[in-house]
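The structure that follows is given in the form of structure tokens.
We call the chains A, B, C and D, going by the order they appear; numbering starts again at 1 in every chain.
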């Protein structure tokens, strides 16, 4: 049942799949917990489910630590820390107030990353991203400049007309992010002629913000496929 | 009039085109049926049209079944099941209550898929999608993780400020889907400073959610075109 | 001043540029005309400007017709018809009621297409589009099916909860178009749990609706560039 | 500490990094200044910070001017003008009214462009953009025509039904930009059947407006990568 990979890490055979299912179930349970106005017996069920889940994860964690050779490979690996962080909040909460530490539970979500353990397609993504790393950083910096310039611009155009919505450059930053990513919630938009003209120019940049990373990624993947031995 | 393809399936010559037109007409009629406050003679018309259409489709179905060699090729093919499902609800409704079975009529829409029977371009799509199947699955899983993490994050930021809109993680999931796909209806959006900062980071992932499948598909099609004998 | 191209068409030298400017000016004037509550002298100005513009365009049209060899090349070409249509409404309005024919003025906008007369980049677009014509049609049909299925689905989920917004499948079609193109005005969106789940699945198709034509076009242009003699 | 590049420009060693940080800090401070209802001692702090920052930038500017060989290379370069423009408004404000010149401060934001001084990835962007310059211009002109035609069309459909929102073609232009870029704020959208049908056709163009520049850029980058000596 307990096998070992070439790199010394532990593989739990068919139990791996069971644990993946349990991770997904615990994430669904986490979402259900946030539902308001539930009957009190639900909360009892959630507590029991949570306890059982964490116990299974603890056993899994201990097996992985004890059977890994050399031991520190797993203990200090990214997955090892994520696995620890997924169970730690439960034990920390036992002796402390539950409410204040509840936010730490979010870390439990990192269990989901375990799902990414499989898949050889990841290598191709990795190659492509390494290829365009520099361009992505340059694009990111340029996009940040664009967002900042757009925010300051719209602040000057709209602050007088809509002081409640475009109160400061920070509120304008929110507008800029929502507009340049073409989400456009509709909670803040220009009403003055100048602001609308300015926005019209700005959204053209927004198209570029979607077009450039897409183009980068497409060309990198094309190149990555070409270089692969076939 | 009734010809046979190399694979033994029936081809109805110029009648194929007539049937395609009838499919489209029956879909338009279906949309008209949902209009409220129509004169009663319209409903009579709809009923007559529906009866005639289903009778023609039944004749077509029987011809396809009887003349196909070997018969089971069509009977158990995807198109055969779709064709059956398109006419079955009509006959089932004759002896039963009309209202309760009305929802089954939606299946009639699958007739539209018949339109996809033609077109050699499909092969190129197929090659491209098979090439990136693994990457698409990995992307899908990562996107699901991103949506889940975004939902939990926004729940913690906005639940206190907007308990009616971000009631539970499920309501946050709706927000996450609408935001990450850049649809942005405007029915739910963050109002707190923390929520807005969190959203700003999240929408950058949203750009990736559009950029990555596009890039994958573009590179796969480029590769598929290269490999084609020209 | 009046030169002739190799294909027999007329080239007006530096006057070409002057006419382009006049086209743009007349389009701007057209937009200004729609402004409400203008002083009456503005309307006089618009009328004079319009008359002068149309007269110049008429002279231009006559020169192009008379000096083209063979004459019918221009007369029955796309540009020839556009040029005629741009001036015809003005003369038709002289003897008739102005109001009712006002809508025909929109045709004057086709003058803008003249601007596209130049530019060799058009050939590359043309090559790329011809390359993916079949795939685009198949994609278009699939997208139409997706829009129709989405409309019928959302109608069943939301009609009972929001009878005013999702009144019929036609209203749902409007919702489907606005959602699948990720515009998301916010005038119609699902409120039921089923409708939201259904929409979540539908918007994933919406991502494909943007991703697939982009990928097609990117791969076609890559191919087109490769095949060009360099 | 003061080195010189091959092109004669000044490099300030590790001070370069310090100045970059200062630029970002001054931009953040600029955003904070716009916050309403701040305590008065904050404004004193902003003033002191602004003075110190501009003095450091002035020293930096003078060093760059004095040590550059030949001097005019920097003085009349793009970066030289940006650096001057970043400090000039401060000195101009000393003898004049502060309020009226405040808008000039926006120019200080161009300091951010200094961040783009580094990065060899820029060359690849440059190659790609030069490759598709013609196509981008043709696309831009076509997009402008589409926006204009969409505006006039929606004006005719919606002006009667929503005279306050689609008052003139200019208001329609705002709608067209927001819709074709798929931002979709929701402040203006069609309500008539004709307007909705027209919009449905128009948003298909909107997809092209995102797809075409993305495809252009992706193919250009693929080509640019191929031509690079590896």
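The criterion applied here is as follows: contacts are C-beta pairs under 8 Å (C-beta built on N, C-alpha and C of every residue); 3 or more make two chains touch, one makes a residue touch a chain.
Since the structure is predicted, the reported quantities are computational estimates derived from the model, not experimental observations.
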Field: Those chains which touch chain D and also touch chain C
entry: A, B
Field: Counterpart interface for C-D, drawn from B-D, A-C or B-C and sharing over half of its contact pairs
entry: B-C
Query: At the chain A/chain D interface, shared numbers over all numbers used: above half (same) or below half (different)?
result: different
Message: Just the number, please: Cα centre separation of chain B and chain D in whole Å.
response: 40
Message: Taking the mean of the CA coordinates per chain, how far is chain A from chain B in Å?
response: 29
Sequence positions of chain A contacting 2 or more other chains: 170, 173, 182-186, 210, 214-216, 218-220, 222
Complex contact set, residues of chain D against chain A: 27, 30-31, 34-36, 103, 106, 109, 112-113, 115-116, 119-122, 124-125, 128, 170, 173-174, 177-178, 181-187, 209-210, 213-222, 224-226
Message: Under the stated contact criterion, what part of chain A meets chain D in this complex?
response: 134-135, 137-138, 141-142, 145, 148-149, 151-153, 155-156, 159, 163, 167-170, 173, 179, 182-186, 189, 193, 196, 199-200, 203-204, 206-208, 210-212, 214-216, 218-220, 222-223
- prompt: Along chain C, where are the residues that touch chain A in the complex?
  reply: 182, 184-186, 214-215, 218, 222
